[in-house]
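What follows is a set of notes on a single structure, which appears directly below.
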Amino acid sequence: MNTWRARLLPPALAIVFSAVLCSAVLLISGADPIATLLEMVAQVGRGTTAVDIINTAGAYYLVAIAAAIGFQMNLLNIGIEGQCRLAACVAAIVAGAVSLPFGLHAALVVVVGAVTGAAWCGIAALLKVYRGVSEVISTIMLNTLSIGLIAFLVRVFGEMRGNSQGTAIIPDSGLVPGIPLGGAGTVFGLVLLAVLVGVGYALLIDRTRYGFELRASGLSPAAARAGGVNSKRMILTAMLISGAIAGLAGLPEILGRDHTFTVNFPTGYGFAGLAIALLGRNHPLGVAFGALLWSFLDKSSLTLDNIGVPKEIVTILQGTIVLAVVVAYELVRRRELAAEQRRVGKAVDTAEPVAVSGGERA
Amino acid sequence: MTAVMVERTPSARDSGRKMPGWARVLLWVVVGFVALAITSYQTGVPQLTGSGTVQAAVRLGIPILLAALGGLWAERAGVINIGLEGMMIMGTWGGAWAGYQCGPLAGLVAAAVFGGLGGLLHAIATVSFGVNHIVSGVAINLLGAGAAKYLSTLIFEPISQNPRQSPPVPKFDTYSMQPLSGWLQQLEDLQRVGISDVAGILGGLVSGVSPLTMLAYLLVPASYLILWRSPFGLRLRSCGENPVAAESLGVNVYRYKYIAVIISGALAGIGGAALILNPGQAGYLEGQTNNRGYIGLAAMIFGNWRPGGLLGGAALFGYSDGLQLRSGETSVHALFYGAALLLVVVAAWQIWRRNWFAAGLSLVAAAVMYSIYWFTDELPEELTAYTPHLVTLVVLGVAAQQLRPPAANGLQYRRGADQ
Amino acid sequence: AKDTGGGGSAGGGGNGPCQLSAPPPGAPAAPTSATTTEQMPPPNASAMRVGVAFDIGGRGDASFNDASIAGLDRAKADMGLGETKELDAGAGEPEDAKQTRLRQLAREGFNPVIAVGYAYADALKLVAPEFPGTKFAIIDEQVDGVPNVTPLVFAEEQGSFLAGVVAAHKSKNCHIGFVGGVQTPLIQKFEAGFEAGAKAAAPDIKIENEYLTPAGDFSGFQDPNKGSEVATGQLEAGADVIYHAAGASGKGVFGAVKGAGAQAIGVDSDQYNQPTVAEYKDVIISSMLKRIDLAVYDYIAAVARNDLSTVPKKFDVAIDGVTYSTSGGKIDDLKTTLDAYKAAIANGQIQVPDKP
Amino acid sequence: MSDGPPAVELTSITKTFPGVVANSDVNLTVRAGEVHALCGENGAGKSTLMKILYGMQAPDSGTIRVRGEAIAFRTPAEAIKSGIGMVHQHFMLADNLTVLENIVLGAEGSHGIGGKARRRVLELAEQAGFELRLDVLVERLGVADRQRVEILKVLYRGARIIILDEPTAVLVPQEVDELFTTLRTMREQGFTFLFISHKLDEVRSIADTVTVLRRGTTVGTVGASEVTSRELAEMMVGSELPVAEHGPSTVTDREVLTVSGLSAAEADRPVLDGIDLAVRAGEIVGIAGVEGNGQTELVEAIMGMRPITSGQVKLGDRDMTALGTLARREAGIGYVPEDRHRQGLLLDESLWQNRILGHQTRRPVSRGRWLDRQGAKDDTRRIVEQFDVRTPGIDVDAAALSGGNQQKLIIGRELSGDPKLLIAAHPTRGVDVGAQAGIWEHLRNARAEGLAVLLISADLDELIGLSDTIRVMFRGGLVATADPRSVTPEQLGAAMTGTQEAV
């Protein structure tokens, strides 16, 4: 499974398959798939779309890495949505309430976001470790509860600007300047955070003891336990890290553009994160690719209304890609496993032509 | 014979006699009810046991119950179905479409078929291709939502002038079990401790029932009988417990898993229909399922993968949701009193079992609940709106360790492969 | 036995009709709908291309998106507009999607561009300065300081006040209800006005009010089942006239009201005549009209005349920007009373609060 | 015995798996009414052949005749219809279903799943001389009872030709005797048996005919009474049978592991009951016991993987009771778990990643919080060489290795880093003879260098051959001590079943 072919073939197949399927759907409904695709690609060059893709991909990357850390040990953190929103809300409240020197202020906000996300996810982690509650269910409940909590916090600590409710406007010292590209928009400064998290994640998974223990727990909990990995601690820490990273995802746009958290904060980051992590196979680069693809589909779909194609086709496309990519991975995995067995079989056969192995040593 | 020296004779293992599961459930239902009745009188909130609340609980609980039953069927065959939400959405669309064309009965059938299609997709992915069940479920949720949106833009918009809504869909009629329902209403209006509460709850269950609701009621015992009392059910469950063994006994595991997951989807689809075909409901509306599929899954887990249990889970959810929607902050506030009462009972039980730590914990929790009740008058509306979710979380936290999922739930199964 | 619907459980603890206060005297009931543009002949705008960016809900929401389309359509008919384009929003979309939508319309040369919904406020503040040559309007939000943005705002509380008066007069139990979709400041304006109106007409009246979801959880506008439960709860508590501001969840409210044989008041458009809720027609005694169509029409006309100063600062009862509907003839007997209140509000005799 | 057509006739059966020829040109004739034994070393293709006969796997070529009729089974259901039943090497029971449900599953057609079925099962149980409660969950049954359920399953389906794949592997001698009594009775009643076992004495005592498989082909068929165990063994492996033999004792008086008063419970049920145990440097202490009597729990408790209710575990002078598994490993405990697929390996990871497992805090595979990938790779190469792990490289996934080679890798890993104590649970289970000898050799060598070994095994010959002391475990307690130099498997078996007369 370590060959590049085995890694890249499935997503490529999946994307092609999904594209074909969606083309069929489009044709049935009387639209031109080629024109649709061209229009979507053309959209990237218009206005700030390209920059928007980068910015949103940054947030997607963070939520996807949060999901991937859970996946590494078979934990399904469906609560990323709630963690991300609640953390954004609390961070924005703190950011608007304190006054610190430039830099320090933003750093504090980032820390608050991470801690809030971790704490909210920690509830599910504790319930799982000490009470055996499936994290799938508890995080689903926590997602909904976070909506109420946010509404409460915004009412108590927030302010009204016209008809929109939000937290206090964050003073300039708390903002993170972006990279202005003139008419093409401004890349959020905190997109860099996504890059940092990606590098950290890659190192963590591949090079550190903790990452090894994380992967081992996911591959075989029983083997990990026998190997001295403390499963409770791993579940707790993995969920905390996942929650913390999820807690960062909302910050780039808050500190870079909105300067406040409003109740209109976008929804759906959580599920996008799960899907992207699957698409990218939890691999730091794969996830980056997935985030960009997802973001591209999201942003360029905005133009489909223009040419009279229902933009829901993109949701269908996204769902198909996820399903097709896992099917493709499974098919390729089966083929590779058989091939590997054949290889091993051959190698062993040539090394050991005699019928019985090692009988003479007895 | 000195080779083996016996050191001692071991003590025989004792196995304690346990109360049968159904008796324990019944006991808790009675305890819960008594606590509720007392609370309702002590706090002066008759809505707690009113027939209106119960009817609301039924209406709100039915879609969840159906989704939970869907989850039950799939998971008993070893397939985790987190795609219930997507299948439910498919069901709402299909139900509205066929219901608009040919009436509510056709809508019901179409909802089952559309949900079943989602189930089929899930089965193909998980059973034939061995895809991780959760992944497939997430994808199906995306697909279900996307497809329903797409289809409604394509098909409903020309009729309803709205890409997100269906045109009005004809509804089922409702029926009341007369004269029983009338008598119960009279009893309830007497406002006598106990009697009126029972009358309220029973009355709520037998008044204003639509065929769809009746179907949902029936599906619970039917699922039990089919899954636990029929050869078909035994085979189906064996696929969730030990598919390799089942296959070795000539059970076609793939086929049973397919059947189970398709039925699961169909049930979720009917759950979708229960959102659109009952009186007072709108037709298809984008986003109307509002995570009820996930809640159904939670209700099923809550109910320990058993029909009776998930009925309890769905009822609890429907009840607390109905309560908070209808009488909002006051009744949820009163619930704290009830919770304190229940916790005292739990503490007493734990003391009887000589489980001092748990007893102490329960007493402390009871004190906390009571002081919340005592020192506050109302709760923030933002938080009471999500009472059902909080209750689910808390109850799971208390009870999760007793739960027992099917042994091979969520595992990939391939024919001919070793265990 | 089959339930026959109607006459059911509504009015459990009925305490009879309200003690009504007299309508405010003074100002004659002469309607003041003397808006500037209405009387003027429609300008010719055949060269004008109008872009509309919708809020979530889009075309066919039977609410304010549709109302804006109605305005657009009338403008098309009267002034012969050139091309028009309408773009839809997605649920829970991020800020940049809104910006992109506005930019797209502006860049393609649509002028004016009308943003429907306060959610566009921040996006507009950013995008409008990028296109100084394009005129923008935003519905439901006061955006100041950007010269090429015209806010089109309404006095929802005043219209709701009238709804409250209607409810108070029509209630047989002196007990009414309000169902809000999502607890946002905008919807709270409806609640505040309604309550004030009902109290003004009948000081002893009992008012239930309940929101489906708190702020941030926009499912409250999309969940008819919840709407129905809340309404049923209010009906069982004794309310017999229910006013809703709950978007698509309003269907559920109408359903519950119909089942109980009570009365309902619609919102935004004249819901009596709306096809999506046609099955509940007979229980809709009136609707609070928020004339977004009027605002859109006025605004387009003003742009066509190149004189934005004729656009009212606020669409209130004085110019019939908000008012009530009489379709169905159920409140014909109240017309004089209502017009008296209307006049009193218009001339400042009654101040309607906009917060509950 | 009848003179009709043979009960089963397999001709030129060939079956290949990716990279493996499991069966090639296998011929087998089983007369009606006989017990026909099938012998062969691990991986010789016995189970595969039987699965083909039972319709679980399709042969690539060859023909199957049952009572003279050529048949091609596609599913077990078809085989069942032809009167063939199979008791699998690994029990195929659903723990969470009742005994009755397990028996009638798949055969509901005949008597449903209700009262009629219950009566029929009881009737069959009586015929076979079994006593079983039908409404208990299978998870509460011991091994022997589970096997009875398996046999009842087969009988319930009206099978006349019954395949038993290593039925005795998990039984103690007394239970084996009981089983054989049942088999003999049933043979009188006209049943035909295909019987697989590695234990050649057993084969000779029960079988009428023996067929030997080697590397996927039939070596020959002989009458059971005409052949000695040694001859059979040589047919199987093509060379002499390895035996575990005692060398000179290396036992010292330095206690490495001291367990005192160790008790543990699971859901209020005691699983370990006041265990006192000491293992000294240079000593192998064997634990004998029927599966399910607390051996697994004992190992887990010593490894710190299971909470205990009382007692103490000391390594040398150091009290380990409060430490976690990793700390115990760091202190010098090596651990060969009983289930190598589940507990021993990360099957989807490369060999060198597997080398890290359990050693993740120690050199040469890690440095502080970071992994030392080069160090891990180098050390894996050392193990592959030293322990003769047959693999094309260290980058292949562990799943691609055969069981024996996987086990050698695990033993090599657990003997790395100079452990003071090795806990080896079933180190040679399901490993072929060659690998088995190699593993024994490594254990003896390590013992000679002063390693203390706690050996858990179901193979009594292995226990007797390797151990310096044998302790017998029964119902969570250590009930007896035996001297491996004088004890016989029968005596051990008696102690293992708690039979008092054995003393």
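Order of writing sets the labels: A, B, C and D. Residues in every chain begin at 1.
Operating definition for what follows: a residue touches a chain if its C-beta (ideal position, glycine included) is under 8 Å from a C-beta of that chain, and two chains touch if they have at least 3 such contacts.
As the structure is a computational prediction, the values presented were derived from the model and not from experiment.
With contact taken as defined at the outset, subunit C and subunit D are each touched by A, B. Between A-C and A-B, more C-beta contact pairs join the chains of A-B. Subunit A and subunit C have Cα centroids separated by 40 Å.
Work out the mean CA point of subunit A and of subunit B, and you get 30 Å between them.
Taking the mean of the C-alpha atoms as each chain's centre, subunit B and subunit D sit 43 Å apart. One inter-chain figure worth recording: subunit B and subunit C are separated by 38 Å, centre to centre, where each centre is the mean of the chain's CA atoms.
In subunit B, the residues that touch at least two other chains are 163, 382, 385. Across the assembly, subunit D contributes no residue in contact with two or more other chains. In subunit A, the residues that reach two or more other chains under the touch definition are 147-148, 151-152, 155.
Taken chain by chain, the contacts fit none of the simple shapes, being neither an open path, a ring, a star, nor a full set of pairwise contacts.
Shown are all chain pairs that touch, namely A-B, A-C, A-D, B-C, B-D. By the touch criterion given at the top, residues 50, 52, 55-56, 59-60, 63, 157, 160-165, 167-168, 173-178, 207-208, 275, 279-282, 285-288, 290, 321-322, 325-328, 381-382, 385 of subunit B touch subunit C in their complex. By the touch criterion given at the top, residues 1-3, 5, 9, 57-62, 66, 88, 91, 183, 210-215, 217, 219, 222-226, 228-230, 232-233, 236-237, 248, 251-252, 255-256, 258-259, 275-279 of subunit C touch subunit B in their complex.
Only residues 82, 121, 125, 129-132, 134-136, 138-147, 149-150, 153-154, 163, 291, 294-295, 297-298, 301, 380, 382-383, 385-386, 389-390, 392-393, 396-398, 400-401, 403 of subunit B touch subunit A when the two sit together in their complex. For subunit C in complex with subunit A, the touching residues are 85, 87-88, 90-97, 99-101, 103-104, 107, 118-119, 121-122, 130, 140-143, 183-186, 213-217.
Residues 46-49, 52, 55-56, 147-148, 150-152, 154-155, 160, 162-165, 183, 253, 257-258, 263-268, 298-299, 302-303, 305-306, 311 of subunit A touch subunit C in their complex.
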